[in-house]
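Two complexes follow with chain A in common, the first pairing it with chain B and the second with chain C.
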Partner chain A sequence: MRKPLYIGALLYLILIIPPIRSYMESIMIIHMLIQLPLLMVVGWFLGKYIVYKAPKVFHAINENGVPGMILIVAITMYWMLPRTLDEALTLPQYEVFKFISLPLVGLLLADSWAKIRDVGQIFIYLNYLSMFALMGWLYLDSPIQLCNNYLITQQKTLGWGFIFITASMIVYVLQYVFIDRRRIEE
Partner chain B sequence: MGAFVGMNNLKSTNKTVATSLTIGGVIIAVMMIFGILMLLAQGGVIDVPDAMFYQFLTIHGTGMIGAAALAAAGVMWYFLNQYVELSRSIFNWFLGLVIIGVILVVIGVFSFEFAGAWTFLYPLPTISASAWGTIGALLYLFGMLILGTGFLLLYMDTGRAIIKKYGSLGKGLGWDVISGKKKEEDAPPKAVVASTMVTIVNTTAILAGAAVLIMNIINVINPSFTFDPMLAKNLTYAFGHIFANAIIYMAVIVVYELLPKYTNRKWVVNRVFLIAWTMSTAFTLVIYTHHMLMDFAMPKWMLIMGQALSYANGLPVLVVTAYGALMIVHKSGIKWDMGSGLAFLSMFGWTVGVVPAIVDATIVVNHVMHNTKWVPGHFHMYMGLGAVVMLFSFMYYLAKVDSTVKESKIDRIALWCYALAMISISVQFLVSGALSTPRRWAIHYPGWMTPAVFGAIAGVFLVIATTIFIIHFVRYMKNRGKLGSDKYEQKTA
Partner chain C sequence: MNKRLHNLLLICFSLVISFILFFIGTNGFQAFTAESARVYRLMEEKPLFPNVTLEDSKERTYPFTMFQGKYVLLTFIYTACTDVCPKLEMNLAKVYERIPAELLGKEIIFLSISFDPKRDDPATLEKYQALFNSDGDTWRMARIMDEVELTALLDEFGVIVIPDGSGGFTHNSAFYFVGTDGELLDILDFQQPEEAAHKVVEVIQNNMEG
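Up next is the complex of A and B:
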């Protein structure tokens, strides 16, 4: 049961290595849509281990998964705002915060996701779906440069990235609701 | 039949559903008064400041659509719950969120003078020429967002439950019966088919609405964030058109469930019925583009599609439902009472109300009639004489099966009074439209005033009739469960 711990820690170290870190942060879409999610993946692996080690603690503070989920939504929404990426690049304390808060998201997700049960999961999923669509629209449509560190073209690429994610999520929903999985399982 | 699902909690289930109908019914009655005030103002009878007229217009449109959707969701939930296992706590959340949303909207409109109409078309919430401020717009937009969240929760639950029982939403629409894999006898019940349709279209509508609402909110908070107005308009009408349309598809379930019980006949689900519902599902999703027939920048094919399919939009379901209703009632020796009478009236209203819409969906006519009172003429008829009547029908039905409260002569008079008054109001709008009276104008030329005054007088009778309906339902609420519910009846029968 130590495997997730090693995987998480290793991935974390790789992401911290300065050349890798600064390369990822030099391109907006990689920064937002690859580095940030990978940091959550780190937390998710670490979380597997930690939750397994201390289930009582998580039961006490996050019994039905809702507190964890609220924190997750707050942190991820914060990191979707254009200016936060900027600040992470210019102010070291924000960069540190980024490397702590996003693994925390992953950790909480590992604990909360199953706990919020199907209705909660669908609700969160659909909320992110419309949020991503909106972010795509925002980045594509904005006539001004939103970040000091990234040019407008980078911004547009990121917008398409969000649209792509949204489209994939819609396809996933469609197959989820229109394909009868009962038969496949049988 | 899964008719006894949720048996143990029947009493409180009926109470929750009845609460949504009471709230919905009362809001509808109050909103009628604002409708009358608008007509009186347009008719030159009373003096309403222009800004206030648009507050009335905003609250009337939002309130009517919201309240009718709330009550219709109650009807849908009541019947769907007899076939699949729904969560009552989610229904309570739904009620709570809708109430919070309504309160925010009311505060935004009346205390902070938001008057951007229920269509909140971008960038109007931000650019109001100081008619209202940031707070009013934010209260309204957040109120709508919370209200939408409530509905989203509800449809997630119905979708989840339908998938659990039938395998997929496609099967909820009976696609396996259409394709011949399953026999017609094993088709899902009508309530499930209709609920599946509404789940699909309204989830789509709400997601589009959520995106465009948040976008408006961002723009209100910081106007330097601008968005493509054409895309915003598409999303707004995808939300508004679908959401308003879905009301009647939720409410019609009462017709499906009630008439067979009253006539003691079977109303079978056949392939034609299923195909009709699938067609209306698809059409409802795409024809909002008829709101953009004047927008030359739209791709032509979308407009042509919007026009062509608008003719056909509600028709499949309307035809199978009206035909089915006639067949089942014909020579059945049905005992007419308030529930069945209102159900039948609603079918009439729906059928008649569709005609002006079809006329208006023609691009050529639309260039003349667009934005005249012809448009409210159409939707007042099919909402006021169709969808809302179904809600009242359900109220009388529930009162009958779940209590000993008796219907009186007054109720029957109210039915006729309601029908005549609502017809008058609709015709008044249509006449105004034919006179080229623009819609949404606070002030009318003298030549446009007469129909408005006529409509206002009819409106008073409509409010009286509606009040009688609601009083009957409130009396039922006080005597609930004296007789036992219909499921109880079925069990003992």
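Up next is the complex of A and C:
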């Protein structure tokens, strides 16, 4: 059961290595859609281990998964503001906060996702679907440069990235609804 | 029942933390982009214009302190720029037209500072300023030759310049309104020249009366 701990820690170290870090941050879409999610993956692996080690603590503070989920939504929304990506590049305290808060999201997700049950999961899923669509529209349609550290073409690329994610999520919903699962399971 | 209360409290707690996160992260829901945050920070700090040496389109060289006692409305540009700079300068020209003639040069100086000193020599600046009817005296265009001074100035005023890979630069744009002692008074929206002119005249007239 130590395996997730090692995977998480290793991935974390790789992401912290300065050349890798600065490369990822030099391209807007990699920064937002690869580095940030990978930091959450780090937290998810570490979370698997920590929740397994101390289930009682999580039971006490996050019994139904809702408090955890609220924080997850808040922190991820926070990192989707155009400003925060910029600040992470120019102000070290934001960068440090990024490397702490996003693994925390992953950790909370590992604990909360199963706890919020079907209804909660569907709610969160649709919430993110519309949020990504909105972000895609914001970055594509904005006539001004939202981030000082990135060029407007990078901003457009990121917009298309968000649209792609939204489309994939819709496809997932459609196949979930229309494909008859019973036959596959047989 | 006790358990429900416990869960409810935890939910409230996480909501409060989320609220604090956004409140601090956006300066009290005011600044959602780094540009607005930059303006917000500069307005708090009110940095002094660092002492730099300017070389203008008439090949005159002088320190910025020469403008002491006068207001300065300035922009950062480079002449090879094709997108935002012409717009920025055109709007600066609109502000310039709206300032009463008796104030120009006496109470206020317009200044366009190039951050591309290699290409923007006095001759280039001279040509560029003709496009905007800038006379080179009450509205000057100048470069800063010393790289250290230039970087210090851009840093102090939070101007971020990134090379776009094809010989140009991308940068954030605004009108910077500098007071009589070189202190930054205000950052004005360059897309609202009427408003900027109004504000500038108001400040100068208040100062003359008071």
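Here is the rule we use: the second predicted complex is superposed on the first by the 186 of 186 C-alpha atoms of A that agree within 3 Å, B and C clash if a C-alpha of one lies under 4 Å from a C-alpha of the other, contacts with A are read in each partner's own complex, and residues count from 1 in each chain.
Going forward, a contact is a pair of C-beta atoms (placed from the backbone, for glycine too) under 8 Å apart; a residue touches a chain by one contact, two chains touch by 3 or more.
On a predicted model such as this, the values are computed, not experimentally measured, just so you know.
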Clash or fit (per the criteria above) of chain B with chain C on chain A: fit
Chain B versus chain C as contact partner of A:152, first or second or both or neither: second
Contacts of A:134 with chain B and chain C, given as first, second, both or neither: first
Which superposed partner A:180 touches (first chain B, second chain C, both, neither): first
Partner chain in contact with A:168 - chain B first, chain C second, else both or neither: neither
Partner chain(s) touched by A:126 [first = chain B, second = chain C, both, neither]: first
Partner chain(s) touched by A:62 [first = chain B, second = chain C, both, neither]: second
Which superposed partner A:26 touches (first chain B, second chain C, both, neither): neither
Chain B versus chain C - smallest C-alpha distance in the overlay, whole Å: 9
List of chain A residues in touch with chain B within their complex: 118-119, 122-123, 126-127, 129-131, 133-134, 137-138, 141-144, 177-183
Contact footprint of chain A on chain B as seen in their complex: 87, 90, 152-153, 156-157, 159-160, 163, 167-171, 200, 203, 207-208, 210-211, 214-215, 218, 224-228, 231
Footprint of chain C on chain A - complex, ascending: 61-64, 66-68, 70-71, 73-75, 77-78, 81-84, 86-87, 90, 145-149, 151-152
In the complex with chain A, residue positions of chain C that touch it: 3, 6-7, 10-11, 13-15, 17-18, 21-22, 25-26, 31-38, 160, 162, 164, 170, 172
